[in-house]
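In what follows, a single structure is set out as structure tokens and then discussed.
Order as written gives the chain letters A, B, C and D; numbering starts at 1 within each chain.
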Amino acid sequence: MEQKWKTAITKIEPNKVALRGIPIDELMGRLSFGQVVYLALRGELPSEAQGRLMDAILVSSVDHGATPPSALAARTVASGGAPLTTAVAAGIMAINRHHGGAIEGCMQVLLEAVQRQRERGQDAVTAAAELLAEYRAQKKRIPGYGHRVHTDDPRAVRLFALAEELGIAGDYVKMARALRSAMHEALGRDLPLNVDGAIATVLCEMGFPPELGNGLFAISRTVGLVAHVHEEQTRERPMRRIHPTAHEYDGPEERTLAGGG
Amino acid sequence: MEQKWKTAITKIEPNKVALRGIPIDELMGRLSFGQVVYLALRGELPSEAQGRLMDAILVSSVDHGATPPSALAARTVASGGAPLTTAVAAGIMAINRHHGGAIEGCMQVLLEAVQRQRERGQDAVTAAAELLAEYRAQKKRIPGYGHRVHTDDPRAVRLFALAEELGIAGDYVKMARALRSAMHEALGRDLPLNVDGAIATVLCEMGFPPELGNGLFAISRTVGLVAHVHEEQTRERPMRRIHPTAHEYDGPEERTLAGGG
Amino acid sequence: MEQKWKTAITKIEPNKVALRGIPIDELMGRLSFGQVVYLALRGELPSEAQGRLMDAILVSSVDHGATPPSALAARTVASGGAPLTTAVAAGIMAINRHHGGAIEGCMQVLLEAVQRQRERGQDAVTAAAELLAEYRAQKKRIPGYGHRVHTDDPRAVRLFALAEELGIAGDYVKMARALRSAMHEALGRDLPLNVDGAIATVLCEMGFPPELGNGLFAISRTVGLVAHVHEEQTRERPMRRIHPTAHEYDGPEERTLAGGG
Amino acid sequence: MEQKWKTAITKIEPNKVALRGIPIDELMGRLSFGQVVYLALRGELPSEAQGRLMDAILVSSVDHGATPPSALAARTVASGGAPLTTAVAAGIMAINRHHGGAIEGCMQVLLEAVQRQRERGQDAVTAAAELLAEYRAQKKRIPGYGHRVHTDDPRAVRLFALAEELGIAGDYVKMARALRSAMHEALGRDLPLNVDGAIATVLCEMGFPPELGNGLFAISRTVGLVAHVHEEQTRERPMRRIHPTAHEYDGPEERTLAGGG
């Protein structure tokens, strides 16, 4: 154990903490948290557009109510008396292949599809149709489309609009749309991209590796989990039976951003 | 189990996801992730200044290298073969009373000190001296001062400068400084506020309850934990012996923000 | 970090693994798992009677169906796609002050009561009545009595019968009974000891420290959690809504030990 | 959510708790914890021999000192101030593919090898040689052989001796030995079965499914993890640097079972 092992994330020296080479105190007040997430995970500063998109990605998944396994696991663990961080951790452990995992799964499909399109010199529509046919023959699903609550996920719509507006939409956005059309044609059902699929698409545009999909989802959802655990700890009695769907919202009435702040 | 339980965080309806009353797609692209963290945890939109300070708080604790228990726990669990989210969760579980807990501890001291100051009509210096004397008589420590690596934590310095600049510094910043002076006088040693103490102070200024201290720290540090787990999974072999201090930084050379992006 | 830190649990040398001084291969086939749990946690071999009681303690809490927070947390995390060990860990995290914690809580009461009884030269009935009066004045509950499902917990009854039979019942069993009578008289309601209270009592008889209460409960319940997670993974679809009480048993019909093996 | 979901593990009724159909109070004092683990996971009572072997399996992996990732993760999380169950859970999360996972991996190899042997009517030696050749061609390793500390793992030796003595050794024990010989011949190195490989073999003899391998390992190792966390909490200061190998044993001197109890 004599040799030192290496890490490229943060350098610590007396009175200096530098993330990917840049002193953290210099980042504070100048970059948004989303921009710093990009820096921490990619090792480089984002462009202005990438930084704004990263904030939007993280905002999109911040919470999805009390029904997802992550919220229920966190509340259930809190209900036994665990400290806040333990309960939040249980929520994060529920994020895996079936919960949030569509981000990684959809990224892998999009990366494969665009690579094949480029190698074969095809257009997106042809490449999408071919890939879909192969997936169906192998009984493989394409993750990131359809949602059990939303017929047209407003977060996905907004993320694509932002990607267009910020000039980040490219081959992956085209492919994501081509796959939707191909599925519509093949299955006779229109399954719009859900928020996981939309995040997957823009993460591909920004060059993130698929295995960070769940990592970004976890960073975002930790916020909602802290809110759920704190609500459970301050509002509910210990050891209650937590019904997964029989709950209702009693927070602030619907309002617009303009009216609110 | 007939009655529905209540939650005031997020309302889900078909094609609508509203956090604290505001549709998430409306927040996306308009608010930074830090502003949305404030909204999620407080229930109200932050002012422009509060939003900027929240981003700075979250940036300040994003990572502190490979030595803290959270980073080591996350890497150790990853090294057994766990998925990324499981390993990150182990890191979050290491955040507790002794790791990150100084935020909550320091908030409680500051809240008590300022409340007493107000009740007794004292100035900050007198109130700080009295409180310190009582704490010392009861052999209680005041958390949030001093650091085992940094003699003057640059993140704490920056956070206070920002709080002043943004007009958020008030009684708690004064009290934090008065406590430092009182300890200097009583102990003969100058212990500047560390990053936990500085976060505690500005969270008091913004009205956060102390029990959310570890929650905010966890939200911030999850970013660093994702980076550490991903580095462990892509750069190291499984089941290695992870030395807690014999590692060295081999990332980008030191650079400034201007030069970087 | 030059000095070696110390551990008194297991010595590892090439071709030798000794738990508390005794080679594990020598323990195998000679001691029950319960006896080895005693050795691991107390540092000494149990007597024959203590070993049998330890097995009985561990058997008593092995599972309590699908309703406790630990089972629900484990199944919920499994339902997101986590590996078996991650899901089991979530279940263990749900064991805390309110779930299983009555063992530690009841041990502390019994230790305090018996110590006072001895110091004051009282009989158990007098000491119990005094302690109960003080607890009620301070609005403190005595944990380990009553159960939300069982009016007379058969596991508690059996554990006390075994403790008597094995010659382990002493002052703590007497005190546990005296407290029940005192509560009956003071509250007008008979609350028999539950399984947590009975475990607490016999652990006091065997000299365990209270802070190991949750540890023993976790060792025992891990078995049930493995069974629940395996059942969830092999029998249910991912991401299902897991109702906390609307489930029914469809395993083997009731049978006796004699008829079964 | 109207239909009730099903579970075949435990039936709870007022004053009755029945595991796989047998009242738990009837199991207490009559079966060892190992026998009940078998019942909980297989749904049937073990034979006398299977029950004794199950206790031996669980005893074999109860602890392996302070160096494995599970012990280090648990101690590291404890060191941040987490409660005992949270720290133990972190240890269990470290048990995965690379830590304990050799049980499942080795079971899959043995099941495949014996199935092929039976289908092809081969003897164990021929089947082992063929399978090894194929694995080497595909650069796949056979887990469960060799150990980084032990050249001949005494726990593995003992487990096989017990399996022979109890009449449980059969085709899988033969195959495990045939694979060792085949590897010796092919690689020129003798790699005896380690404890994971030996457990894998006897679990195959008893008909356990491979995916329970980590579950049984977790049940066993939870004992050691409770001991490590309790030692960390009672013997060490918070937030210490935990060196993964620079520790030494200072527990009871080596002793024999006879001399001890």
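We adopt the following convention: a residue touches a chain if its C-beta (ideal position, glycine included) is under 8 Å from a C-beta of that chain, and two chains touch if they have at least 3 such contacts.
Here the structure is a predicted model, which means the values were calculated and not measured.
Seen from the Cα centre of subunit B, the chain whose own Cα centre is farthest off is D. Judged by contacting C-beta pairs, the busier of the interfaces B-C and C-D is C-D. Here the CA centre of subunit B is 41 Å from the CA centre of subunit D. Put simply, the C-alpha centre of subunit B and that of subunit C have 37 angstrom between them. Once the centre of each chain is set as its mean CA position, subunit C and subunit D turn out to be 23 Å apart. The residues of subunit C that reach two or more other chains are 1, 67, 82-83, 85-86, 89-90, 93, 95-96, 100, 241-245, listed in rising order.
Across the complex, subunit A meets subunit B through its residues 1-12, 14-34, 36-37, 40-41, 43-47, 52, 55-56, 58-60, 62-67, 83-86, 88-90, 92-93, 95-96, 100, 149-155, 157-159, 162, 165, 211-212, 214-216, 218-220, 222-224, 226-231, 233, 235-236, 240-243, 246-257, 260-261.
Considering their complex, residues 67, 69-70, 72-73, 76-77, 79-82, 86-87, 89-90, 93-101, 238-239, 241-245 of subunit B touch subunit D. Of all residues in subunit B, those touching subunit C in their complex are 1, 82-83, 85-86, 89, 93, 244-245.
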